[in-house]
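See the structures that follow.
Two complexes are shown next, each including subunit A; its partner changes from subunit B in the first to subunit C in the second.
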Partner chain A sequence: MLRIIDQYAFANRLRAVDPIQKGAIAVATILLCLVLDRPLVGWLALAWMVMVTVWYARVPLRVAGAVIGAESVFLALSVIGIAVSVGNEPPAAALLAIPFGPLWLSATGASLQTALHVLSRALGSAAALNFLILTTPLIDLIELLRRLRAPALLIELMALSYRALFVLLDTLDQMVTAQTARLGYASWRATLRSSALLGSRLFIVAYQRSQALEVALTARGFAGELRVLPLSYTVDRQLWLIGGLIGASLV
Partner chain B sequence: MTALLALEAVSYQFPGNPTPALQAASLPIAAGQRIVVLGRNGAGKSTLLLVASGIVRPQQGRVWLHGAPVDYSRSGLRRLRQHVGLVMQSPDDQLFSASVWQDISFGPLNLGLNAAEARQAVQEAAALCDVTDLLDRPTHALSGGQKARVALAGVLAMRPQCLLVDEATAGLDLWARQQVVRVFDRLVAQGGTVVLATHDLALARRWADLVVVLHEGQIVAVAPPAEVWADPALRALIAPPEAWEGL
Partner chain C sequence: MKRRWLIVALGAAVLIMFEARPAYAMHIMEGFLPPLWALFWFAVTIPFWVIGFRQLQRIVRDKPEVRLLLGFAAAFTFVLSALKLPSVTGSSSHPTGTGLGAILFGPWVMSVLGSIVLLFQALLIAHGGLTTLGANAFSMAVVGPFVAWLIWRGLAGRAPFWLVVFLAAALADLSTYVVTSLQLALAFPDPAGGILAAFAKFGAIFAVTQIPLAISEGILTVLIMNALQTNAAAELQALEIKGVRA
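On to the complex of A and B.
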């Protein structure tokens, strides 16, 4: 999943657009979802944001759908608590009541509505965040933080971890392939043993990589600060227009 | 003539490893040379380059830069690194940034170049290594050979006088290899020196002015390739007999 998101973040049509612009649109949509109390705000935001991601940025619907789908499962599970109340008497005016041992689980029309309302706004915000994540690689998000004057240490840590993550993922892939080729996962016992070995080996590799990286950085004159040139971006007028229209439709 | 860079009887032993990786190695490196370091796995090639670039400090012996001993203070090392670049054996160890453009810009900025000069240096180095069309790609989505060329560009952007290269041509296809050798040649034509550790005997024979033969941490010969090729004892330390056929 991580790799797929990353891949589209680099390959979509808005890749070169200034992250400030994309970030502003996403954040504005999220704020509107949180602040406005209209019933349709969340659903509208969800629809617009998925549309912008799919049609304007050309991220495949399959990918955008999978991401929002996974999120909606989590969000739906977490609003169940709002929709359902638990009591030890059969509820009076419930739309739905299920006995559960000595307890009664019940949902009223009003509680369901509240739950849906919360869910819609959460989904709208999630879709806005997805728009940003699926169109903006992490290096651009880090660049965004840099421009917003986040602490240098935080930025360097994020940048290094992001790079290290992919190096380690590659290493992990290779080690799993090598183990599989030697029947490392052919049985239950072998799987257990192989994964234990994998874990400890990965830790050592990570450590060695960090040391080698330090050597390489030193050789290029590292003096405690990872200074790099800023990336350059374009501004997309049409996207501002679309963002404005979305905002207007929500308000 | 004072050498650009010189090792004088340097010895180095890795902590926790009883056998020394480098023993009393002496090597003057003049400007404008093509030097190839040969030797089997574990002979000490990488260690030699680490010592020459000031990354590790030898327990014995000295490293000289422009006729003055390298002092291992912050400013001394900074001076060394302005002149001596190191390309590591594995590009994944060298590329720290997720963006190719930003990774290449790291060295020039550390040299104190301003943003415009650094941008220029990045463009030049990228063109030299044929990675201009990779500049806005993420580092982790490159092939091994592409990573190797980006790593080389990151070092060349600092315009070193002496380029130390640890097996940068391994894993490159034949076009890329030719390209990289051409980059080395250009550096040499401008008065620079390239020290290349490699297992590529054909390249050593064809390209090197000088071959350094390492065996168990000792420099056993520094000679033009023809002389090394003519010496069966030296050849036996570098590669098995079959490897020399047709060279």
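On to the complex of A and C.
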């Protein structure tokens, strides 16, 4: 999932568009979903955001669908918790009620409505967030935070971890392949043992990599600050128009 | 007829729980919390971020080269949470890495690094969200690490090494799970039984995945710490981790 999202974040049609623009549209949609808080707004936001992601940014539907699908599975779990209530005695005005040992599981019309309500709100805002992360690479978002005057150390840590992440992930993949080839995951016990080896070796690799990077930077005159050239972005007027339309339709 | 339908639905729900491998099941999703609660959890978490960040700045001022290590530490926590763990129930789950991180780097540093990891999880793999970052950071980057660290510090030397590590990692997971259930219960109290009933309800839903996860993460962390002691004693000493025999 990580590599798929990252890949499309770099390879979609809106890659060069200013992250402020994409961020503003996504955040505004999320805030509208939360503040207006009507089921219709959530469903509309979901539809709009998926459409913009798929048609305007040209992210394949199956990718956008897979991301939102994975989210809905988890969402379904939490929503069940809202819809069903547990009590000691059979509830009075329940739509559904089943005894479960000494307890009664029940769902009333009101609780189902709340559940649907939360479901729509969460799906709408999740789709907006997905639009942002499927069209904007993390490095652009970090650059956006820098422009919003986030502390320099925080920005630097994030940029460093983003870089380190893929180094470590590649190392992890290689180690998993090697372990699998030697039947490292053939049984439950072997899996635990291999996972532990993996975790500890990964820590050592991370430590050594950071030391190597430090040596390399010191050799090049590292004075405690990493500066990179900011990227240049374009402004997409059409996208502002679409964003405005979405906002207006939600309100 | 109605009841049969309900049993089918419940069965499907249980299947989803086991089969979908809810990787980071304790993340509260984007838009799930009402605005007031989202703000409230940000307000609770921000003091920890401020203190943790000040501490980070002090560390970096004293030793500028540590920032590279800190960057890799955040990446390490992220990658660790991508590790697949065999769980006791047969499904697989993913460790959170907060216990290990707190032992290695301390709880204040971990509250910032853990939040960066949570932000990355929201932005890179669509787990969690921006408006729920405060709530998620409180349960996973504040409570979990602090519980782990208190156990690690309180019990080190008084109980067998493996037991201390196991308890620190497992209870960090469990406390995260309890706090998230509480956060959900506060935001969505049960119409019949109130907050307490809602807490029991959300707790029961997530117990299926979270209790086995806590146990396997505890075991894994013990194995990792053992392996680190034999393979990376020098690195551990460079980090000045207390309670580790060299």
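The rule is simple: the second predicted complex is superposed on the first by the 233 of 251 C-alpha atoms of A that agree within 3 Å, B and C clash if a C-alpha of one lies under 4 Å from a C-alpha of the other, contacts with A are read in each partner's own complex, and residues count from 1 in each chain.
We adopt the following convention: contacts are C-beta pairs under 8 Å (C-beta built on N, C-alpha and C of every residue); 3 or more make two chains touch, one makes a residue touch a chain.
These numbers were taken from a predicted model, which means no experiment stands behind them.
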{"item": "Subunit B versus subunit C as contact partner of A:58, first or second or both or neither", "value": "neither"}
{"item": "Which of subunit B and subunit C A:182 touches, first, second, both or neither", "value": "neither"}
{"item": "Which superposed partner A:139 touches (first subunit B, second subunit C, both, neither)", "value": "first"}
{"item": "Contacts of A:38 with subunit B and subunit C, given as first, second, both or neither", "value": "neither"}
{"item": "Contacts of A:170 with subunit B and subunit C, given as first, second, both or neither", "value": "first"}
{"item": "Contacts of A:13 with subunit B and subunit C, given as first, second, both or neither", "value": "neither"}
{"item": "Partner chain(s) touched by A:229 [first = subunit B, second = subunit C, both, neither]", "value": "first"}
{"item": "Subunit C versus subunit B, contacts on subunit A by residue", "value": "C"}
{"item": "Touched partner set for A:221, first subunit B, second subunit C, both or neither", "value": "first"}
{"item": "Which of subunit B and subunit C A:213 touches, first, second, both or neither", "value": "both"}
{"item": "Residues on subunit A lying within both footprints (that of subunit B and that of subunit C)", "value": "6, 138, 159-160, 162-163, 167, 209, 213, 217-218"}
{"item": "Of subunit C, residues touching subunit A in the complex", "value": "2-3, 6, 13, 16-17, 20, 22, 25, 27-32, 34-35, 38, 53, 56-57, 60, 64-65, 67-76, 78-80, 82-86, 100, 104, 112-113, 116-117, 119-120, 122-126, 129-131, 184, 188, 190-193, 197-198, 200-202, 205-206, 216, 219-220, 223-224, 226-228, 231-232, 235"}
{"item": "List of subunit B residues in touch with subunit A within their complex", "value": "50, 53, 55, 74, 78, 81-82, 85-86, 88, 90, 92-99, 101-103, 105-107, 109-111, 115, 118-119, 122, 136-141, 154-155, 158"}
{"item": "Complex contacts: residues of subunit A adjacent to subunit B", "value": "6-7, 10, 16, 137-139, 159-160, 162-163, 166-167, 170, 209, 212-213, 215-223, 226-231"}
{"item": "Residues of subunit A defined as touching subunit C within the complex", "value": "1-2, 5-6, 27, 30, 33-35, 37, 42, 67, 70-71, 73-78, 80-82, 84-87, 91, 96, 98, 106, 108, 110-111, 114, 118, 121-126, 128-130, 132-133, 138, 141, 151, 153-154, 156-165, 167-169, 172, 188, 191-193, 195-204, 206-207, 209-211, 213-214, 217-218, 224"}
